[in-house]
Structures are given as structure tokens and as C-alpha cells.
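Below you'll find the structures, each written out as C-alpha cells.
First subunit A sits with subunit B, and in the next complex the same chain sits with subunit C.
Here is the complex of A and B:
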């Protein structure tokens, strides 16, 4: 078998959907089956590659296991700061910098997996197939780029690509109120992006540079590695007060500025997560977008929020994260309980699932707020687990809607009689969602709460109520759909076709795998925790 | 030596393999399905018996083995199994009842079109219950604890098309989950306070057995014990979380025998036994446990007096008997609790199976539509009678010995609880006499009397086997022979032999039967004399003290109300604010991007806003 490290494997994975996009563009536009086949093939290739990458990944290495860099553009800058260290010229460098570590690798696999399954679920798309699959494949590249980018500007570019692709996917192929949903989506997320960009620019202008000794060039760049190194180095300029450098240090980041940037990042990624009260846009998306798109949205895109929060918020600003942990924990608790209580009142299955996402993302916040290794592991586990579960649930919603033409709870009932397979999977998905041990949901929930208890025991105690409320709303929705007397209209409805059943089985298999053998995920992440996060935690715990 | 003990992990895998096979085969193979399920549980039974025989050797040592499950930073969560005398006893109880129920269901569920699904669920349940029994640490225990809960849920809702079954299944899951949330929190607290963050039972035993020498304060010990006890309250149907168990009777009757009488509901008592050292370390926790148990015993026994559904009477009886077991644990007698669990598993499973045989014959669960069945269904009547006598605590049936062990302890430890236990025993005898006389004696009130006939062999044989066990199971521990206690606890517990307790309990038994015969045996009455004199009291009991109604108004109502309030808040306050902001932005956008048409307009607007903010940021940087 060939050695993956000899190839620019990350770029290959990233580019495959783009090649698929070209293929889709060349195919005739009325050939629905061909177009879907192309989309399935070009999402399966990155899936296989990323699984190989996952198997190949050296779990004992802490940092970036694979890194691929190339210079894009270099812009010469004015000589605006004092020349120390013999610097002769200044450059702003845009870099193509990809890398993965134990945090991004599981999310890359999650992305390729869910996108491939969503490609199967797109069988229910009814119009403009060519454009649909084109945007669909572009979206995958965007998401993968977000998880791989190791440069702030590159990250931003990919982040925006997902935004544009989602905008059209929601606005064209959704349900009745799709355009409204798309507009709200883009306004909110655009706002989030703008805030994120401010934070990024502030970061680059204070910590995002290094001095190339060979050419005596002072290089500004969005390099994540530079920023991490500078922020952590007590003798870096960013950490030296002006009086320590002789009165003038434009790079100094004061405590207040630390806090401001941290909070900007929390808001920017909090909108994506979403943290209450920034959640209304995602309700609309869940309700109005095509189920295949919601699979990606709920399964992956929401994870970008948490990913950004960890990658930029916690790693770059551990002290602020620690100081604000109680706030994050409270917000997480509110998300968890509020989402669950409101989900209990919904009359529309899709909205139950939407509020359920809010509730489950609350657990991610709680895990992060624990600010210890167990909690962080729990948060990441919950990200992956919720991605799989919500993708499965919306896959089912798509199949249900095709048959019943409604997902309003009061009109459903007794479907187990005419579609035992779909109902069985729905029940299994519901049980996974309410945290049944043996399925992935429990592990993330348990680790998050376990970690949280060490730092915030009372909040952890209250969060346990969420365990009960989740059972209440999940069972209400699932049993209303599948149990009880069946409506005559649904008696003749057929059970799942093979193309629908296949992704359901695959997703459920992954949910069970993670639930029974969680080490397959936690070990990958474990050493990233050891390498990157442990110093942060111990540093702060000691101090 | 000890070879079976070391391979005990195989035991749950037999039913699990049966479950996988049944699921893979689908609904087509009805006969094969029954065979697969039964063979799976039979193999588990044989293996469990072999393990038990090994454990009978007085030199047998406990065996455990565990593997890494998750690395958590510096700690490791493990999964593993353990064989002790206590586990070995439970293994045999579970596999024996499971096997008999498998055989019985071949007759009882014969005509159900989803019989293979039923066998699959039963196999899955047996797997989960055996996993629970064998687990070596609290986390694995909790995993299987939840799995048995979900199997119970699936089987209660087996006839899913019935709204009542759906409601009962949901209720069973949610109400037990309230307790489980406490249990989960208890495990989390335990994790952080245990030395070395160990969750395995032997470490727990070692740490808490030393008394209060460790770093764990009394407050923490009591908190952990009470949180764990919440799980017991939920699972073992103790007041105030007992409400799911009577409703769970919506499930098929073999399930009521297996899950809701003999095994799963006893898991709470088993948990008390497994973590007994934690409870013993806190006197406050022990008192709480004892009084919750005692109250549940008398509370449920009085409700059972006024029920008219044969399965509901037995369900309340189960709650009451579980209360006895919990009370015994709280009084410090682990032997008493486990002994009663052991005998109860047989005679209560028997009563349910016999009740199922009756229901199978008369197609109703209302005892007032039965009557005089004794002459037509001799095996059922005899075996039910044996079960009833055993439950009533009449010597020499097994229930007498185990109940006497509990009452003897109570008399020594807490006379008040002894009185409660005795009163509950009287109620028990009374409701069982009422049940027996109304169903099996007198004139027939069956709608179609000609169709009433004894059930077939598949159903009769398990009943007879259980009847034999109900007679003999009590002799493992008698006032003059404390074999079970010595074997379970390594000889640490004294036998509470108390002549007064024995006499009192026999007297109560005989008196109860006599009063029962006076009230219901001499002649059938729709209404008992008590109902004529104190209708309010009978109604109070019939409606189960209005606990369900209370919960519906106070708890369900509150959750609904909060949900409604938050939903309105979400839609109007947050949504309204968003609409306002959105309206302003779009209105502004119309002005700025008048030249553009179409959907991209909004995106352009956002880009513009973004750009403005960026410029502001760059400029603002200068003034920072």
C-alpha cells in the first residue's frame, strides 16, 4: 500500500469535490441519475481517502500530522514600525496552509461521511439537479477547507464559501419559505463572519508575524502556527508591555484587548453553534431547507462554530476561556434546558429536531466550559456524535416527507405498521439522541458532564435534568410518529428503498461503533489534548 | 479449576447472539425464531448453573477482568466483568426465569404476527440484564441498567398500535429516567471522590468498608448514597416513582413476569447490594432507604386491595414486595433483601404466568368477569394458589422464610418498621385471598364460559417448574440455618431468628386468609362490605391515592407550562427582536443596493456591512 505521506493528501481530499463539480458541470442537465451518481462518486472518494488518513494517522503525535503549505501572494508593506533585529523589509503574505491534527481529523472524516450520505439522500431532489450538485460539491470543499486551513485568511475564505453555497442550496431547493430562511441565514452568518474577520485582523496585526532571518524580512501572515507561538511566548512582542520595550510597542496586546478578541470570537462562532439567543436563523434553516442540506447543516456546519471556538477561542486565549468558563457553562446550561423545553412544545418534527440541536450543542458548551481534558474530550465527542445523529434524523425526515407529504406531528402516527424499517431506525436514532448507552450520544454527554463536575459541580448537577427532558421530548416526537393507530392514508405507503436504507444503516453503524468502542475516536483526539491543551490547562490550574 | 467462572462473560453472549440472529432472520421464521430465543437462554442457564456450582465451593475466590474503554487524560474508564457469589446467584435467577418465560411465550404469543420480534427483544433484554449482573464497575453497570430500561420500554410498547401501550412505554422510560439521572450524577460524584477515580465495585467496597478513614466526608458519602438510591427508586418502583410499574402491565404478560416482577425491577435492590458499603457508611442514607422501602411496602399493599385488574393487583404487589427488599437493605440486612429477591423472583413470576394463563383463557383482565375458574383450569389454579401462599408468607412456602428474615431483622432494628411490615403483610394476604377467591372460586361470570380451558403444555410446564421452586427455594436460609447469608456475605451477618416475629407473621397470614374468606370466599360480591361503609376510602385506594393525577397536574403541567412560556418567548421576544433587526437591515439594504435585483442582493448587503466593519476595525486599531 502506498504511503499517504508521500502525497499531498490533504489537497487531494480538498480538491476531489471540485473535480466532481467540473464533472457535474459537463454532464447534461436533465440526467438526474447521472448527476447524482457523479455526486455520490465524488463524495465517496474523499470519504475513502479520509478514512485511510484516519487509519494512517499517528495517534501519538500531538501537533499537525500532515501539513501542506504554499505561498499565494506576498504584498510588500510600508515600513511602519521601528526596525529592530535588523529588519529591512516588510511583507504581508497570504499562504495556502493546510494541516490536520487530532481535533480536525475526526471532523474531516465526519464531513466526508455525512456529505456522502447526503448525496444519497439527494435522491428526493426534484429540480435543477445540475446546479444542486454543483453547489453541493462546492459546499463540501468549503467545509473541508475550514477544518484543514491553518491560516486565518484561508480559513475565512473557506468559511465564506460554505456561506455562499448554503445560501443558494437553502434558497432554491428548500420548502415553502425557503427564501426567507436563506436570507436570515446569510444575514446572521454574514454578521458572524464580519465579527470573526475583525477578530482575525486584530490577531494578525498583533501576533501574526515572524521575522525571516535569511532575508531580514518582517512577514505578516495569517499563519495559525505563528499566532499560537507568539501568544504563548512570554518574550514575544505581543506579550511585552510598552514599558518593557522602551516606551513603544504597537504589537502589545493588553488584557482588555485579549478579552475583547476572545469575546468577539465567542460571538462570531457562537452564532454558528448557535448559542442562545442567536439561534432563530438555524430554526428556519432546519425547517425550510431540503433534508439532504439540513443533514449537512445540522451535521457539520454547526460543528464549525464549536471548532472555531476551540481552535481560536480556547487555544489562543486559555486565560480568558478560563475566566469566562462560568459564563460559557451558564450559556451551555441555558441552551441545554431551553432547547429541550421548547422542543417539547413543537408541533413540527423538524422543529423538534432543530431545538434538539440547540439542546445538544449546549452539552458541547458545557464540555468546553469544564476547561479540563475530560470536558474537552466530551465536547469533541459530542460534536461528532451529534453530527452523526442529526444527519441520520434528517435523512429519515427526508424519507418520511416523501411518503407522507407532512412532518407535522399531529398528522403522523402508527407508521411502524407500514414502514417498520424506517420507524425502527427512527426509534434507534431517537434513542441515540436521548443518550442511550451503547450509542454515541451517551459517551459525549457523560464525558462532558463528568469533566464539568470537576470545575462547576452545581451547573453539572442542573445539567443532569437535561438528561430527563431530552428523553421527554424525543420520545414524544418519535412515538407520536411511529406508535399508535395509523392513519388510513399511510397504510399503503412503502418502506425504505435500498438507496435510502444504505445511508441509514451506515450512519447507525457509526453511531453504534462510537457508542460501544469510543476509543476509536478519543484516542485520536487524546494526544492532541496532551500536546496542545494539557499545557494550557495545567498552566492555568497551577496559577 | 474455576474455568467456568473465568469464561462467565460468555453467558450474556448467548442471548445476544440469539438477538442478532433473530433480527437478521426477520419475521418469516416463526418456529425457528422461538427455538433460537429459547436455546439462547437455555445455554445461558446451563452456563450460569455451572458457574453457580463452582461458586458453592467455599474456597472459591472472586474473579474479575477488565479492559480499557476510554482514556480520559490521566484516567481510564474500563469495562469488565466480575463473578462473585452475589452475581452467581443473580445469574441463575435471571437465566432461569428468562428460559421459562421463553418456553411459556411459545404458547402465549403463538398467534402474534410479530412473535420473532418479541423473542428478539426478550433475548436482548436477557443479554442486557446478564451484562448488568456481571458488570464489575459502576459505569458498565449504568450502561446495562439503561439498556434493560430500553428493552422494558420496547416490550411494554410491544403492541405499539394501542395508545395505552404507547403511553405506558413512554411513562416507563421517562419516570425511570428521573431516577437514572440521579444515579448518573451519583456515579459522577463517586468518580471524582474515589481515590484513584476507580469505579469498580471492589474498590468501592474497600474504600467505604474502612468506615470513615478515607478522604470522603460524611456529607459526600450520604449524597452519593442518596443519588444512587434515586436510581433504585426509579427502577425498583419505590414511592414516589412507582407510577410507571402498574402502567407497564400494558406489555405482554410474559414480560410482566420476566421484567416487571422477577428481574429488571429487582435490579435496584441488586444495586443496593452491590454498593452496600456506601450505604452502610452513612446512617442517614440507611434510614432513608429503610423508610422509603417500608412506606412503599404498606402504600402499595393497600392500593392492591382495591384494584380490579388482575395484573394491576400483581403489579402493586410487586411494588410492595420490592419495598420489603429495600427496607431490608436499609435495615442493614443485605441477606434479607437478596433472599426475598430470590424467592420473590420465582413466586411472582409464577403468579404472573398463571395470571397470563387465565387472561389467555378468558380474554379479560377484570377479575369481576372471571370467577369459578378453578374447576376448569386445575393446573393454573393450583400453581397460582402455591404462588399466592408463598407471597402471603405461609409456611413452608418460600415467601415465608424470606419475609420472616426481613421481619425478624426489623423487629431487632426498628420496631416501628416491624409494625409497618406486619401491617403490609396482612394487606398482602388479604388482597391475595381476594384475588384467589374471586377468580378461581364461586360461580363463573365469564362471558364465553365454553371457551375456557386449561392452557397447553408450553405454558403449563414453566408454571409447574416455578411452583416447585416457589415451594423449595426458601430452605436456603431458615432461622436455624443461615447458609445463604454466610455464602453471600462471607459469614459477616448474624441470623435474626426471632420467635415472636415467626409467630406474628404466621398469625397475620392465617388471619388474613380467614378475613379474605369471610369477605370474598363465602359468596361473590361486586362490592366488598368495606366499600359500602367507607366508599371514599375504597375510591382513594382504587385511584391509587391520586398520585397520577397529582403528577399530571403538578409536574407534567408545570413542564408543559414552562415549555409553552419559553416557546412564546422564543417566537415573540427573540423572534420579534430578530425580525425588527432584520427589517431594519433589509430596509437599509434596499436603499443601498437599489441597483441590484434578485437574491444576491442580501448577500451583497452583508458584504457591504462586513466591509464597513472591517474598515472601522482597521482604523480603530490605530487608537487602541
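Here is the complex of A and C:
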């Protein structure tokens, strides 16, 4: 195999959907099949590339070999006021900086996989195909960019691109209350992004500052690597108290400011995750958006919240994360129990799944709050696993709705008779969701809780109740759909077509693969744990 | 100081060429309009106006190249770059003025093009030629404000701009809304001018000079003698200019006036008139209040800057909050302009310090971004108004089906207005936010961010109308006049270009502009 490091492979993966977008724009707008074929092709290419990257990855530990940088924005800050200090220049520098590590690579693969499967599921889109696939492909670029970006502002730009693309995808192709859902989505997530932007600006204006000794240049850098390095370096300007630098240090970040920025990041990404009580927008989106879009939303976009929380919250502010771990754990527990209890009361299949997402994201939070290696492994595993499972479930919801025109539990029932295949997959997905050993859901929950038992046994004890509740509400929903008396209307409906069955089988295969061989994922992530996280844990645990 | 009377020389006219070209063109066009028979289409005057603006733009650029030579030694460059002081130091030709003049001239050119597409068909405007040639003295007034070296020239520029715009607002003579708007604008504008003049008289009274160059040395002494009077002077100036730039709480006139005026004139008020008043405030404060702030023992300058910051914060919040319930496109843009006046005030009011000194670049970049998105949005409004006969927001419904490319361009403007990537508005706001954060004005950062999020509500409301709704009234395609289309596409393309690559423009501004040589009047 050709060595992938010779190519700007990340940029290629990132740009492929954009090329697809141009192709879609050039195709005639009434040719639904051509448009979908283009979308499928241009989402399969990144999938193949990212799988190759995944296979290639372990030869270059840490993933640094794939780093791709270019100068993006270099803004000189006025030279006059610094000239007296022998400073040659003062710049604000944002980089086009892409990188992957054991944390982002699995999420990149998850993204390419789920978008490709969602492109198949888009067979049920009924109108304005051209615009749909255009926004769809832009969304994929946005999400991939979020997981690859290594510059704070590049990250922000991609984050906002997903916001804009999702607004259109929800608002045009959703169900009856789509506009309200789209609006609520924009306002909540806009608030989240604004808070994130404030946190980033505070970070860049303090921790982003450093002096390039070779060229005696002052630089405000948006680069993630620079900020991580500066925060960890006791002699960096950000860590020098004013009395150590002769009374004046505008770049110093006080302890209080550490905490403020950390909490801003928690709220910003907590809205996306979503952490209670910021979850209402997400229920609307699950209920109103087109199933193909919910696959992406529930499968990937929610993961951006957790990813941001790990990437920026925990790595940059490990001490604060440790201090607030009990709060995070409590929030996670509330998410887990509340989601599970309310899911049990739902009469609408989509809402059962929406609350189930809230519940499962609670487990992610618990894994993070454990603040040890196994817990973090579990949280990341749970992210990928839940991405696959929820994508599968919403794929099934889409196919069901096409046939039954309803997803209300009381109207469904006995579908196993007319649609044995779909019902079988639904049952399998349900079992994965409730954490049956041998499927991916089990591993994530198990590792997260194992980690939590180590550091916060009481909360972990309560969390086990949530796991039991999950089994109850999932089985209730699945059994109500597939067994029992069947409505006469549904006796004649046909089972899944090939184009629908294919993504179901693929997603289920990945769920089983991760369930049986968790090391496929954990080994990759382990490199990052060794490189980035272990020092954090050992340092803080010892001291 | 050199404030003795000096007669104008031949050299001076060369330095004044950009303004003089506009004035000459203005006179020529008045006479042409009188001589030309009625049947000749007045769009001819429009094209001639555009030509005059472009020639003037050429003269400014030529002057800039002359003052920023490349490939010469540092001393020669410094010598060439020295500000040129004319007419007893009452007028300055420097990079500060030239940069802003370029912005004003390009903006007015786009507005003339927009007028060629819309005003030409507007039956309420009876004297179409007036619309075009009155823009010339208005622009000249704006340019004089950016270039003035003393308070008298500043006031003359302000009045030249104000009086011509009073007429321009009332040009839709067959519309009662326009007459109402003109009346309101005359009254509030007159009060504003009076405030400015009153404030100036206090400054003159305590310092004994009208020259901006003298304030830096005279103010510290004046502060010890007449502290209260200095404060009164500055606060009247701020209130007067506050009305001119429509910053809350001095903004109440803006929605009514923008609604009644011909749309290109609204765009002119929103962009050029606001920009010129901001430029005057910037120059004035950094030649006076700045020298009694920071390290000096009198903190009056800090108080003035803080008052400006408070106005900026109030403008952002009031502008966005009152836009929430707005149903009329031009009123909405007026209120969004109030919020934007707040954003533009931030780099002025966040004082120059050792770690943050590119205020002007932030200001200029956002002004350019604001110009592009606003002129573009107003141009789209003219298209909508012609197709639907009204300027309500519901006129945007189904625009995507009726004029898809115009809808896409409007999407770009709205994303820019709401500060989302990848548009010029995003980086404009980002630079201003970074500037405020680097001097630790965190409360202001928070207010900017919050008001931006609130603004999503109504900006996305327009997007919803355009892309998510269909229009019940008509599904026919909308015809976009070629010139209007040109304006829309220039603005959209530039907005995206600056949103992807803001670096070159910022670098260029930093290269030509110096605080010592261009901003401070000494």
C-alpha cells in the first residue's frame, strides 16, 4: 500500500465532499437518482480513505505524521508600540492546521461511515433533492473539519458551518414543526458557539501568546498545540504571575480565570452534548428532522460536544476538570437517569430514542468524570458505539415511517409479521442499545462505569440503576413495535429494499465488530492516552 | 503653531484634487441637468456621477501611492509618508484620511449603481438627477470630515454631509413617508449639529484653539483649570456624534428615516454618513482625549473613552433587542445598523495600549465588511420592493424560488451581518473581540457575543422566509436589473473573499497606516 503520509490525506478527505457539492450543483435538479448516486459516491470516497487511514495509523504513533499546516490568517498588530523593545513584529496567527490522534481518528471514521449510510437513507427524501445533497455534503465537510482542526478558530469556523447546514437540513426537509425545530436549534447552538468563542478568545489572548525567540516576534497564536504547550509550561507568559515579571503581565491567566474558561467550555459543549437542562432543542430536532439527518445529528453532531469537552476542557484544564469531576459526574448521572425514566414514558418511538440519546450521553459524561484512563477509554468507546447504534435506530425509524406513516408506539405492533428483516435489525439495535455483551454498547458502558467505580463509587452505584432502566425502556419500545397484534393497514407493507438493507447491515456489522473486538478501537485510542492523557492523570493523581 | 492664515496655492489644489473633482463634477452636473431637455433619460447623470466618483477615487489612490513609495530607503519612505498639512493646518492629507476616503468613494459608487437600478424606476422620486448629483457633495463632506485638521473644517464637512442628506432623504416627493422622514431627519440632525458645535465651543473655550494639533498640549492645563467645562464639552460632542452615527440611546430617528428615504439613500446614511461621523470621532478623540488618559494624572480621557464604551454596549443591546419585533426590511436594517454602530465604536473606545494598538485596522476592516454587507442587503431590498411593491419582511418569502442567486447572495449578507463564517463580518467581529479581550474588557466581549446571538433570531427569520417558505402572492421569476445585480455580486464576492482571506487587507492597512504619523494630529 502506498504510504499515506506522502499525501495531504486529511485535506483530501475534507475536500472530497466539497467536490461532491460542486458536482451536485452541476447536475440537473429533477434527476433525483443521479443526485443521490453522486452523494453516495462522494461520501463513500472519504469513508474508504478514512478506513485506509485508520489501518495505516498505528505505524505512526501519535498521528503527528499526518499533521497538515498552512498559514491561513496572519494579521500584523501595529508595529510602533513594540518597536522600543527590540521586537520585530507582533502578529495574530491562525493556521489552517489539520491533525488527527487516537481521539479524533475514530470519530472521523464514524463520521464518514454514518454520512455514507445516511446518503443511502436519503432515498426517502421527497423534494428539492439538489439543495438537500448540497447541504448534506457541506455538513459532512463541516463535521470532518471539526474533528480534524488543530487551530481554535479553524475549529470554530467548521463548527459554525455545521450549524448553518443543519439549520437548512432541519428547516426544509423535516416534518410538520420543522421550522420551530430549526429555530430552536439555531438559538441554542448559537448561544453555545458564542460562549465557545468567548472562551477561545480568552484563551488566545492569554495562553495563545508567546515570543518566538529566533525572530523575536510576538505572536498571538490560535494553534492548539501552542496553547497546550504554553499552558503546561511553567515559564510561559500565561503562567507567570505579574509579580514575577516586574508588575505587569497582561497575558497572565489567574486561577479564577482558569475556572471561568473551563466552565464556559463546559457550558458551550454541554449545550451540544446535550447536558440537562439544555436538551430541549435536541428533542425537537430528533422528532422533527428527516431521519437521514437525525442519523447524522444523533450519530455524529452530539459527539462534537463530547469531543470538544475532552479536547479543550479536559486536556487544557486538567486541574479544573479534576476539581469539578464530581459536578460532571452528577450531571452525567442526572442525564442518565432522567433520560431513561422519561424515555420509559414516551408514546412516540422517535422520542424514546431521543431520550435514550440523552441517557447514553450521560454515560459519556460519567466516563469523563471518572478522570482515569479506563473511564476515558469508556467514554470515547461509548461515543463511537452510541453513534453507530443511534444512526442504525434512526435509519430504521426512517424506513418504518415510510411504510406505516406513523411512529407512535400505540399504533405500531406486530410488524415482525410483515417486515421480518426490519424488525430483526430493530431488535438487534435495541439489544445493542441496552448493552448486551457482544455488542458495542456493552463495552462502552462497562468501561465507563468501571472507571467511575474506581474514583467515585457512590455515583457509579447509582448509575447501575440507569443501566437497568435502559433495558426496560428499550425492550418496551422494541417489543411494542415488533410483536403483539398487528394493525390491518400494515399487513401488506413490504420489507426493506436492498438500498435500505445495505446500510442497516453495515452499521450492525460495525456494532458487532466493536462488541466482539473492542481492541480495534481501544488500541488506536491507546496511543493518545499514552501520549496526552496519561501524563495528565498521573501528574494530578500523584499530586 | 502654523495656524496663521495661509492662502491656497497651486500645490494645495493638487493635494485637494479628490474633493475638488467631486465639487467640480457637482457644479457641472447641476448645469447639465438644467440644460438637458426633459426627454433625455437622467441615468446619464447617474453614470457621470459614477465617473466623477471613480476619478476622485483614482486621485486618492494616486496620492496614497505617492505617500507610500515602495523600494526606497526607510528615510525617504518616512519623508514621503509624512502627513501633508494644508491651509494653515486646517486640512490634512494622510493615510488615515485616504484609507477612509477610499472606503467612502467605493461605497458611494456602489450606491450610485444601486440607484441606477432602482431610483430610475421609482415614480415617487420626481427629480432623478438630483438624487445622483447630490451624492457628490455629501461624499465630499464625508471626505472632509475624515481629513480635517481643525474643528471648523470638521464642522463644515459635517454640515455639507448633513444638509445634502436632508435633501436626499426627502427626494421621494410623492411619498408622505419620505416627507415625514426628511422632517424628522432635519430636526434631529439639526439638534445633533448644534450639540457638536456646542461641544466644540467648550473645547475651544478651554484650550484657546480650534486646531486638533493643539489639544494634546493644551488639554492637561485646561483640565487643571476648567475640569467641569472639559467634561461638558466632550459629552456634548459625544451626544452630537452619537446622533449622527445612530448609536443608542441616540438612535430613535434611524428606523423612520431609513424607511421613508429612497433605499439607496438609506444605504448611504447607514454606511457613508455613519462611517464619516465615526471617522471624525476617532480622529478627534485620539487628538485630544487620548492625551489625558492612561498614564497621565488626569483621567478625563479614560472617562470619555468609558462613556463611549457604554454607548457602544447600549447600542449593541438596544439595536438587537428592538430589531426582534421588526417586520419591515429597512427598519430592520436601520436597527441592525444601530447595533453595528456599537461594534464599530468598540475599537475606538478601547484605547491604544502597548499590547493592543491596531484599533484602526480593526475599525477599518469592520467598516469595509459593514459597507459590503449593508450595501448588498439594501440592494436586495430594492429588488424585493420592485417585485412586491412593499418592503415588508414577508416580501422575502420564497425568494429562493423566484430569484435563487439573489437569495444566495442575501444569505451571504445575512451570515456576514450575524457574524458567521465564512464571511467578512465574522472576521470583523473576531478582530474587534480579540482587541477588546487583549485589554481585558471582558464585559464588553460578553455583551458583543450575547447581542450577536440575539440577532440570530431575526437574521435567521429572513433566511427562513427566503429558503423555507414559498410565496403565496406570486411564483413568477423576479427580474433583477443588471446594475443592481452587479452591486449585489460585487458585495457578495468581496464579503466571501474577505471571509476566507482577511489577512491581505489587514496587512495592507498595517503597512500604510501609522499611529504616530497618521492618527495623531500633532
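General remarks:
Quick note on the criterion: the second predicted complex is superposed on the first by the 526 of 543 C-alpha atoms of A that agree within 3 Å, B and C clash if a C-alpha of one lies under 4 Å from a C-alpha of the other, contacts with A are read in each partner's own complex, and residues count from 1 in each chain.
FYI, a residue touches a chain if its C-beta (ideal position, glycine included) is under 8 Å from a C-beta of that chain, and two chains touch if they have at least 3 such contacts.
For clarity, every value in this text was computed on a predicted model and none was experimentally measured.
Of the two partner chains placed around the shared chain by superposition, subunit B and subunit C are both touched by A:187. Residue contacts after overlaying the shared chain place A:98 against neither subunit B nor subunit C.
Once the two complexes are overlaid on the shared chain, A:204 sits against subunit C while remaining clear of subunit B. Shared-chain residue A:391: touches no atom of subunit B or subunit C. After overlaying the two complexes on the shared chain, residue contacts for A:377 are found with subunit B alone; subunit C is out of touch. By the touch criterion defined above, A:450 reaches subunit B but does not reach subunit C.
Looking at the superposed arrangement, the partner reaching more residues of subunit A, out of subunit B and subunit C, is B.
Looking at the shared chain after the overlay, A:73 reaches subunit C, while subunit B stays out of its contact range. In the overlay built on the shared chain, the residue A:354 is in contact with neither subunit B nor subunit C. Of the two partner chains placed by superposition, A:504 touches none, neither subunit B nor subunit C. Across the two superposed structures, the residue set of subunit A contacted by subunit B and also by subunit C is 164, 167-168, 171, 179, 182-183, 186-187, 190-191, 194-195, 197-198, 201-202, 205. Within the complex formed with subunit B, the subunit A residues making contact are 164, 167-168, 171, 179, 182-184, 186-187, 190-191, 193-195, 197-198, 201-202, 205, 257, 276-277, 279-281, 338, 341-342, 344-346, 372-374, 377, 414, 416-417, 431, 436-438, 442-443, 446-447, 449-450, 453-454, 460-461, 464-465, 467-469, 471-472, 475-476, 479, 482-486, 518-519, 522-523, 526, 529-530, 534. For subunit A in complex with subunit C, the residues that touch the partner chain are 72-82, 92, 153, 156-157, 160-161, 163-164, 167-168, 171-172, 178-179, 182-183, 186-187, 190-191, 194-195, 197-198, 201-202, 204-205, 220, 250.
By the touch criterion given at the top, residues 68-75, 142-144, 146-147, 150, 157, 160-163, 165-166, 169-170, 173-174, 177-178, 180-182, 184-185, 188-189, 191-192, 559-560, 562-564, 566-567, 570, 574-575, 577-578, 582, 585-586, 599, 602-603, 605-607, 609-610, 613-614, 617-618, 621, 624 of subunit B touch subunit A in their complex. Contact residues of subunit C toward subunit A in the complex are 352-358, 360-361, 415, 420-422, 426-427, 430-431, 433-434, 437-440, 442, 445-446, 449-450, 452-453, 456-457, 460, 463-464, 467-468, 501-503, 506-507, 510-511, 513-516.
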